[in-house]
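Two complexes, one shared chain (subunit A), two partners (subunit B, subunit C).
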Partner chain A sequence: MTAATSVPPVPGALRSEVARDGETVVFVAKERLLEAMRWLKETPGQEFDYLVDVTAVEFRDRERPLQVVYFLRSLQRKADVRVKVELPASEELAVDSVYSLWRGADWLEREVFDMFGVTFRGHPDLRRILMWETYAEGYPLRKSFPLRGRFSRAEQVRQALNVNPEANYSLEELSIADAAGDLPDDMRERLQRGERGVIPDPPAR
Partner chain B sequence: MKHVGEVKSSNYLLAKFENLVDWAVNSSRANSLWPMPFGTACCAIEFMATAASRFDFARFGMERQAFSPRQADVLICAGRLPFKLAPVIRRIYDQMPQPKWVISMGACASTGGVFDNYAMVQGIDTIVPVDVYVPGCPPPEGLLYGVLLLHKKIKGESLFDAVKRRDEQPLDEKGLRLPPETIDEISEPFGNSVHQFRSS
Partner chain C sequence: MSKRTVELELATPGVDAEGRPARVPLTVAAEPRLNEEHMLVNIGPQHPATHGVLRLVVELDGETVVRCIPHLGYLHSGFEKLGEYRHYNQIIPLTDRTDYLSPMSNNVGLALAAEKLMGIEITPRCTVLRVIACEMSRIISHMVWLGTTSIDLGAFTPFLWAFQERERIYDLQEMWTGARLTTSLTRVGGLMADIPDPFVEKLREFTRTFPKTLGEIDRVLTRNAVWAGRTQGVGTLSAAEAINHSLSGPMLRASGVAYDVRKDKPYLGYETYDFDVVVGEHGDVFDRYMVRLEECHQSNRILAQALDRLPDGPINVDDPRVILPSKTRAMSDMEAMIFHFKQVMEGVKAPVGEAYVGIENPKGELGNYLVSDGTAKPVRWRIRPPSFINLSALPRMAEGHLLSDLIAINASVDIVMGEVDR
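And now, the complex of A and B:
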């Protein structure tokens, strides 16, 4: 299926494979991920300027580590590469965020966090993106997650109905200012810090 | 309404006033339904086909689609409903003025369908009261049949009969429409998945 090749000159590269579709897969030590990604992005002759996708794979075999997969493309060179980081279950599921290199990593990493529970260190706004922010049942794409969720259907309905839909919008987007009182404390603080757009000062009179 | 007494001419008939009022009101309501489309999935495509020229549910008085719940009579939930949209459809339902009806279009809206998983509401009747369930993956004819069934239901209502009248059904103090046991019961797996356990 895959053929091992020599280790490419990527910093922190552990090994490399050629996937069935001919694409190169580089396994990188998780401590050196950011270094490797910066090298891939900025080195002349590499120039992988586009982060296509970030996703993760958990295997049925509990012994195998969870993989975080980065799909990179060089728009200039019309070349692709896949970078994988392995996160053993015995260690903390955390890896450095590549948001500083590709802004597009923002939502992609949030999705991996939402579905797999992988923490991205240095991400500016790491919170759930697909499930609602108060979702408490865990990380749905993990193998340990039951298909129908952990809570009873009635509890799921109750929790879903008690979510405040307005909480998904910034204070600016809310036409009713008093809904701010219904937001969870941490969310209100974050919005006031301006992480979802800057709250303008009142006009001077 | 039936003829009574000695009738010399067939140009009049006698009826109970209440029946006459009900007939007038219900006919008006049934034949001028304004739908609020709540399209979430492929059923919304069939809904659009139903609204378009070939099937044209304007023939049944649904000429104006109300994209504001404030001016709608019937909420048509076309497609599966994820839990994330549950408070939204409830809010829309609460915003609709009385009298209001709900059509649950398709198996996914009615029961969760094949989406028996952590993210999907197992039947929108756990969220809002439903009047007509359209089964399966309905083609436009299926939705039209559901609309005609709703007409029939509306014409059977009565302004004067508290049993037949639809009252407001607010959520209880727990924020639920039905008792938790009922929700669990109607959300049970069915069909091919009955042999699976909840934890599987």
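And now, the complex of A and C:
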């Protein structure tokens, strides 16, 4: 069983415990996550300069909030700490991105977004990474997502066969190739509504 | 947009006055702008130089990479989701298929995490055998990397030498586990089998003869002018950047950061082995090659030490709730049969809690993060995929280089798409 310990002086720390592998887990208020992470990275004596991993945990018990977990390490001090943010299901699943502190958070946060639907505010390029852009079945690692997917096999095949090859390129890529005008109408509309970025102007001739 | 050209004098010996490989200067030369228009080139997913189903969309200005946008997911299999529906021992076959170039050390990583979660202490013989498994994996993974990278850069011979050595390790794996690739070596609390009789002798012979091949590869590549010209000063990352991008393994060490999980957060008693952490200086493709080549020597040293100290004794912990009884006992002893039944039908229950164990895989730090709610199946199984995270620095490394350098840089990351996409 995990044992509670005294709360370390991290800004916004709510409580802390020791996990079964002996590491300290600090729960941080989600509004103050970025502040806490900057404190952990930059305070002398802490110096957690290395972001090992970012992931999320959803429990089978629906009452328990979803957790976003950050694994930090200080390469100098050879110390680890685990920071958790709890996101109750009743509220918006969103936290601040730590991209401004660690570039390594780029793909890790995109993966959590892709698999759990957690939005990272301030991430410069938050889009799906393992599933494709037009994937419509939801977030695969959520407990409400059935193991074989939401759609029937026939529907999955039908969608795969109907994919527009242009959909394999991102918006920026299409603008490089000057092909944004050739998009299917619904896709262009969706993109122009700002669901993902804005269409950059074509390069000046 | 500045353009880069590589100035390489023809017929350079590739060696400086003191016999060290010469660093070829990479100069930035302003070339006349012929055409403002950028070109979009799609590489992969079906392209041998992307080392699997990786797709790179590259914006080119002439031959210079302006932007590189990787697309992943063509091999996404949902291993982490599948793990939530399986007992801990049933997850082990999935780990074979993540980084399929070093299956044995993936097995070890998962077993260590599950044992940490359950509080199981493995036996001394099992510990040493797992070290052997990890180091064998490191050698075959680095051999594949060396062979494929040298082919990418136009050298065919080292590929054949490297794959011959890999084949010898594969024979040993087959002897031990019955499989060459899908080894499923470990079980929670032990191993699926002890090593067979001629294994120690065969492995000793390998550790004796393997350095000769490494020396040959070293001789044919390290001071080769073409190899040096294609790799030195290409894809450079400073130590601070490598840390900020969360790189691990040879990628991090080539940038001059002496971080090795085996030394700094030891597991399996690695602190008792005598080996060196190989560190590069410039963080370019050449240093990554040197780090991996030297790591093979170090792995060979560890293998020899492990064989010397291999103790006798059981390979599995003496705990009937975790380890299956032998078939004979399960069929003749009532109690053993009940334990057998409970394990197969209900699985091994882990206490409530979570555990993360990072191990030094050939490609970097492989983390296994298990969260349990007290049942026999994890609530969450997270793999920290080293090559996924290393690959995320690819755009940073490639932009500003030539298209042909992109191939070298991508090769130097040492990705395996089974792990990147999981």
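The working rule: the second predicted complex is superposed on the first by the 160 of 205 C-alpha atoms of A that agree within 3 Å, B and C clash if a C-alpha of one lies under 4 Å from a C-alpha of the other, contacts with A are read in each partner's own complex, and residues count from 1 in each chain.
Just so it is clear, a residue touches a chain if its C-beta (ideal position, glycine included) is under 8 Å from a C-beta of that chain, and two chains touch if they have at least 3 such contacts.
The structure presented is a predicted model; accordingly, all values stated were derived computationally and were not measured.
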Touched partner set for A:50, first subunit B, second subunit C, both or neither: second
Which superposed partner A:107 touches (first subunit B, second subunit C, both, neither): second
Contacts of A:58 with subunit B and subunit C, given as first, second, both or neither: second
Touching partner for A:162 - first (subunit B), second (subunit C), both, neither: first
First (subunit B), second (subunit C), both or neither touched by A:131: both
Partner contacting more residues of subunit A (subunit B vs subunit C): C
Subunit B and subunit C footprints on subunit A, overlapping residues: 131-132, 140, 145, 147
Complex interface listing, subunit A residues touching subunit C: 1-2, 19-21, 23, 25, 49-53, 55, 57-61, 69, 71, 75, 78, 80, 82, 102-108, 111, 115, 128-132, 140-141, 145, 147, 168-170, 172-173, 176-177, 203
Subunit A-facing residues of subunit C, complex: 36-38, 40, 57, 59, 67, 69, 71-73, 76, 78, 80-82, 85, 116-117, 119, 241, 243-247, 257, 259, 264-265, 351-358, 365, 367, 369, 371, 373, 379-380, 382, 384, 388-389, 391-393, 396, 421-422
Residue ranges of subunit A in contact with subunit B within the complex: 131-132, 137, 140, 145-149, 152-165
Residue ranges of subunit B in contact with subunit A within the complex: 83-84, 86-88, 90-91, 116-119, 121-122, 126-127, 171, 174-176, 180-181, 183-184, 187, 189, 196, 198-200
